[in-house]
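Multiple structures follow.
Presented sequentially are two complexes of subunit A, the first with subunit B as partner and the second with subunit C.
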Partner chain A sequence: MARKAIWLFVLLLILTPLLSGCWNRRELNDLAIVAAVGIDTVKGKYLVTVQVVDPGEVASRRGSIGLSPVTTYHETGDTVFEAIRKMTTVTPRKLYFSHLRIFVIGEELARKGMGEVLDLMSRDQEGRTDFYIVVAKDTTAQQVLNILTPIEKIPASKLYASLEVSAKSWAPTVAVQLDELITNIVSPGIQATLTGIMIDGDPEMGSKRKNIETPETPTHIQYKGIAIFREDKLVGWMNEEESKGFSNITDRLHSTVVETTCPKGGKLAIEVIRSKAAIKAKVKNGQPEAEVVMYTEANVADVECKVKLTTSQTLYEIEKAAEAVMQKHAERAVLKAQKMKCDVFGFGDAVHRAAPGYWRGNKEHWDEQFSKMKIRFNVDVKIRRIGTIGESFLNDLKE
Partner chain B sequence: MKEKKEKQPQTSSQNLKEQALKEKSIMASLPDNLELIRQQLGNSSDIVIRQVGLPGEIAWAVVYTDGLADKQLVSEFILESAMLHDRVKEESKHDPASISPQLLASNVLAIGETKEISNFGQLFTSLLSGESVVLVDGHAAAITAGTRGWRDRGISETLTETVVRGPKEAFTETLRTNTAMIRRKIKDPNLWLETRQIGRVTGTEVSVMFIKGIAEDKVVEEVRIRLERIDIDGILESGYIEELIQDETYTPFPTIYNSERPDVVAAELLEGKIAILVDGTPMVLIVPALFVSFLHSAEDYYHRFDISTLIRILRYIGVFIALFGPSLYVAITTYHQEMIPTQLLYSLAAQREGIPFPAFIEAIMMEVAFEILREAGLRMPRSIGPAVSIVGTLVIGQAAVEAGIISAAMVIVVSTTAIASFVFPSYSLANTMRMLRFPLMGLAATFGLYGIIIGTFAIVLHVSSLRSFGVPYMGPFAPLIISDQKDAIFRMPHWAQVTRPKLMNRNNKRRQQKPASAKPKP
Partner chain C sequence: MRTKEKISARQFTILVILYTIGTPILIIPAALASIAKQDGWIASALGLLIGLALTKLYVSVGRLPGQRPLFATIEHVLGKWLGKVVIAALVFFCLVTASEVLFYVGNFMTTQIMQSTPVQAFNIMFALVVVMAIYMGIETLARSAELLFPVFVLLIVILALFVTPQIHIERLQPVMETSMKSLVWATMYYTSVFSMTSFLLLSVFPSDIDQPQAAVKGFYQGITIAGIALLLIIVLCITVLGPDMTARQTYPSYALAKKINVGHFLQRIEIVMAIMWFITIFYRLCFYFYGAVLGLQQLFNLKEYRPVVLPLGMLFVALSLVVHPNVMHSSEYEENAWVPFIATFCFFLPLVLLGVHAIRKKK
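After this line comes the complex of A and B, so read on.
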């Protein structure tokens, strides 16, 4: 009896995996790996564009036969999800979103409000929320995703990599992921920002294979400017200098180039190697105030003038000049934001931390308060190294 | 169970006959005795009966088995010494009856090992194991002389447990040689040896070897009891004994260790384990066995401790790969693609383009093909070896990938797994891993990583429940014994191994008296 029961149990145990039927099994070659998603709005509907990778074209060792490494599909729908599912009528395989690298929002949609489309991405269980979100500037997401790029065969990977690199070493771009974006949208003390992506050249040309056949690509895609959002609506753009200032104030600056003038004219570039910024807020006489303390360490990178680098006096002067430039960038960024009444820096959060009582009474109309807020800067630049040579050989030129 | 009881009477009547013969005393009449021997052995041609004496008055005879007994010994030290012995010559002329077997044994035979026996059971045992039997007319007793000497393979280098540094010799098929090899390593009077014959028909000699005072008495007693319980017609290899005495039959894990290296056996004896040597095989059983000992190589103790430890860790990684390699690949590529780095995913997906089979079928095909190759490599005649391996490499490695039947990544996974399964010093554990790999692959294909975790749980629960002669199999991990960690994953320097493993010893724990005395002075 006991023996029969054991055998029955073993039989059931063996049958369980067989009968379960591998319900969620997908082979790698059943997936259409989506590298990028773009969403635009067209006549009140969503136009969803997906960039699907053709792995055979990307990773094959035998050399590609000249097909496009990616394919884009687009479809309209009343909701994003509907459009995506509708796409199965054109895609050969089911779209697979886990390896999404970049999410492009069309400028028009961004101006109308992008909140609705973000919900799907954060709700879907298939998604891995480590992709970056950018806004198509002066163009549509669909067009951006149609541009072919050289070297990095998959345009989405190119977008992903160059955003990461430029945010780290050039600064006027921000690499924003979904969680941060949603937090910033809903938080009253800070507004959201996204980097803009532009098409430089003819979009029609960029979608042809010809685009990557010549050393100089006729059309390329480039990050430019930072978009300022009020809640989920785009309200304006910051230019490059403002963007640098923005990165610096929000402590996103890892490394960048600061261009200053030499004491006796000419240009000199320093490379920021370490930077730290903190916003200190307080409420004085019922008015909010903030001080931004920025501490930056830099190396001399590029001397294009005659200057005696090996004296501390010169270095001190360079430091001062760099401080002035950095402060100017930051001031401009703040000015722009104040003009738009959009606190993208998180001064609101700083006030919240410093004076919770004041914040409770004023958070409803913080935008107004922010536009009138007094903000001081305390910039400190320290030159650490001057590179592998001492004096510039330019000094020896007779001219 | 019932059937066995019904059969009992039949066999017992036969048993009684055999029993009667065994206990039959040797008769006084020499011709009668010889006749009985001839009859019982069916006049086998390899039994040599040499009768000595004047024609018509045969005084005594030597019986031995040709091939098992050393002919030179028999002729030089039994026949020659007896025939030329003055007193025997003298007496045989006058009073042949006065030559007693005892006289022969004590005074005449120039053989080291002699024994007086009185019944036919002992006579046949001695005769068939190579000893010579001397029977004297008129005396109801016989003398056996130790003339064992047959052709054997000789001590050769170990084939299954090779080392770079350390002794190269391996056990042989001859029990006595094997015991001698251990004795040569442990010259201690406490190294005890108990020999018994097991196997109704084969009468195989099985020796239990242990160091009195280090080995736990209870375990020794348990080994005796379990060996005593064996009732089988033949023991041809130590695998028979292993299966008959192990704690748990229905387990894929080996609970008895085996080795063909005398140094390994000596080391285990010193830790308080018990060796079971079986005549006719170089594989010596060691009980109780721990899971960790299957991952220890003799060489771990001969190299410096740091490299030994690292190599042990490498082996544990090998275990992990051998067990989980293909199943992890199947689970991740069919269920958890989001876990693969993006670039790797593209490359894996590209490799899978056009592969007609699901990853699981692919993996099973490759694994089965590999197992077939491996088995073929073991069984086929040596001379065709290269042909098979070339065909195997070409078919599996290259043609299958180029034909687009198997993806290149799968070939890498399966071959890595295959290589990883060869890092085990013990072949029996490698077989276990080989066996468990397949159900794990099934689980991975049906439930993904979740299935692998279920399988792992089942395996861990199972091994934790195993015992080998009362010792927990997973010790010193479960139960966790901190002091025994010195020789589990890590191999501490010899001067730091002051005590013997706690699991094996309760009374004689110390290996060294003063822990620091052996430590090199700075």
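After this line comes the complex of A and C, so read on.
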């Protein structure tokens, strides 16, 4: 009996170390939660900016005292990792990257090549791959991260949310995460793309709390354009129309607005509710060819002209007009990419799948082949419904 | 002296499944994707067929007249002196491989989850459970497998189900693009980690099973189910992460689990998913270790194997800390030494056993 008690005691003693929990645990009050990271290049060094959440200001049950909900720190270093660790000399807590929402790359760095900075994010065990990556257009990542935003208190959350929403319901933005970006950078059959982010207004003003005190924020950040990369270097931008065409070809389109003209002048907008696109490639007489098949379902959303909507004939006409507009966008996007010799659509991957033999011989100079490639479009728009009313009341107005 | 422990055929089938899925579930997608790109899954499908053929080989070794356990068979067939030498070598193989697997466990934990915890902490804790399990005996081990098997099934189903929305089937195309050479090498490598290791299951098959006839069927069933489970994981890795990302990851299945995101709500559950491979790795580790223990017992004609469990356990932890000085050493070892190493013991040895037995029978 006594023996058993001794053994039990020893066992309990052995088990005590387990009670202390994780070895290198870090409690919530030891963490500085990083919501956004921005990287620029300054004189050959990396300038890293982090946006850290101030928990006291965000959890607003007791009302905030009017401080900025986030704090940004910046530091330069020869490597990104060095800069981040160097930041501990200014930050009160160790930075914690697992809740990273958005990763901003300055345009200058993007043009020089951003490959090196991406490695750390995928190698580090704290980093997850579920944040979005964007490029600061005509500005630096540091300035973008300094802008305060209304509604979403944490600017990084606003960036994350509006990228997701706009990619879903507007289309000329692409929500790209790290895995996809790295795959696209290294794959010879597709080039990478990222959405651009711009500062609209005075950056100085935007960093003050005043910026969000008035209903109309003087300075705001807005997604604009899609950056085209060759490998990891930014080579150009697509404008809004091209970006729409791009989203459509790459089957990213969920919902968007297509503006067409009415048969007798004036504007009419349809809302895309469902869209499917596929790239079909083949090699004919030793030359690659591709056909982009786009199938779109849409509703009439906004009639700003006189048109007799309640006949199916009109709807067919609108379908035709919408098809033409969508095809024009897609053609422009392809034209831009072909001019830059950057296959951002993945036509190369499609050729790879369709004709592996041809691909083996041509993947080294695919950019060249792509720029001369013949691409046909097959756009099919079906208008299903016209909304909650029939004829527009505009028809009854007498000029 | 205790009575001889026996496990049922059903328990044996479950042990086969968990043991065979073992470490490959965590690492094999990366190896196959880096060798054969998007065709990695073909290697795994071929590997399953080869696995079934190898199982036939092992079953016939196990059912040599007398139906002795593995180490007794070796001594019986090869004679006392040669037999002892082979057993000593096999003990070495088991111990080194067990330490290697333990190295994997520690390495996984320190790379992915708790970076600054000393690796010794993980290795000792994991080894403690293994030592305890072997000390308790094969019956206890089999019963615990019965308990943990539903957990494993549940987790793998959750994983498979929740990543399906992110599948891009076209990532498997073009099919059969890799050269024959790399496909053969991928299949060989897969066979070496997937099916050759089941030779060590002969330490319980068929001598410790109460219905040897049903166990034969269970052996095939177990290998088939494990093969299909691994095939599923490999296909998911390639279609969800893409062949390039799969090859780049150290632990692609973990990266796959990180991808789970159901409505921004059910996410970041990869650590729960990790329980899945802790279970399977545990059984693999147990059988390697059990092999070493039983081998020593046979080598020194011990009545009981239990006295050697604890000393060998200590050796095994120490070895796991020095077996690879760094991670790259481990992957170079996998690439160069592992296949011939295991083929010697788990492919040529059974062939030799069958051959020698046939010759001796003729005389």
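What we mean here is this: the second predicted complex is superposed on the first by the 380 of 399 C-alpha atoms of A that agree within 3 Å, B and C clash if a C-alpha of one lies under 4 Å from a C-alpha of the other, contacts with A are read in each partner's own complex, and residues count from 1 in each chain.
Convention: contacts are C-beta pairs under 8 Å (C-beta built on N, C-alpha and C of every residue); 3 or more make two chains touch, one makes a residue touch a chain.
The model shown is predicted, which means the values in this text are computed figures rather than measured ones.
Once both complexes are superposed on subunit A, the partners subunit B and subunit C fit side by side without clashing. Contact comparison for subunit A: of subunit B and subunit C, B touches the greater number of residues. Of the two partner chains placed by superposition, only subunit C is touched by A:Asp179; subunit B is not. When both complexes are overlaid on chain A, the residue A:Ile389 reaches neither subunit B nor subunit C. When the two complexes are overlaid on their common chain A, residue A:Tyr96 makes contact with subunit B while staying clear of subunit C. Contact with subunit B, but none with subunit C, is seen for A:Ser157 once the two complexes are overlaid on the shared chain.
Shared-chain residue A:Arg353: touches subunit C; no touch with subunit B.
In the superposed model, A:Leu397 makes contact with neither subunit B nor subunit C. Using CA centres, the angle subtended at subunit A by subunit B and subunit C is 50 degrees, rounded to a multiple of 10. Contacts of A:Ser187 after superposition: subunit C is touched, whereas subunit B is not reached. Judged by the touch definition given at the top, the superposed model places A:Arg128 against both subunit B and subunit C.
Overlay on chain A (Cα): least separation between subunit B and subunit C is 5 Å. In the three-chain superposition model, subunit A touches both subunit B and subunit C at residues 22, 24, 128.
Residue ranges on subunit B touching subunit A, taken from their complex, read 333-335, 337-338, 342, 345-355, 358-359, 442-443, 445-448, 451. Note for the complex: subunit A touches subunit B at residues 17-18, 20, 22, 24-29, 31, 33, 53, 55-56, 58-60, 96, 98-99, 101, 126, 128, 154, 157. Residues 111-118, 121, 170, 173-174, 177, 241-242, 244-245, 248, 255, 258, 261, 267-268 of subunit C are the ones that touch subunit A when the two sit in their complex.
Remark: subunit A residues 22-24, 122, 125, 128-130, 179, 182-183, 186-187, 352-354, 356 touch subunit C in the complex.
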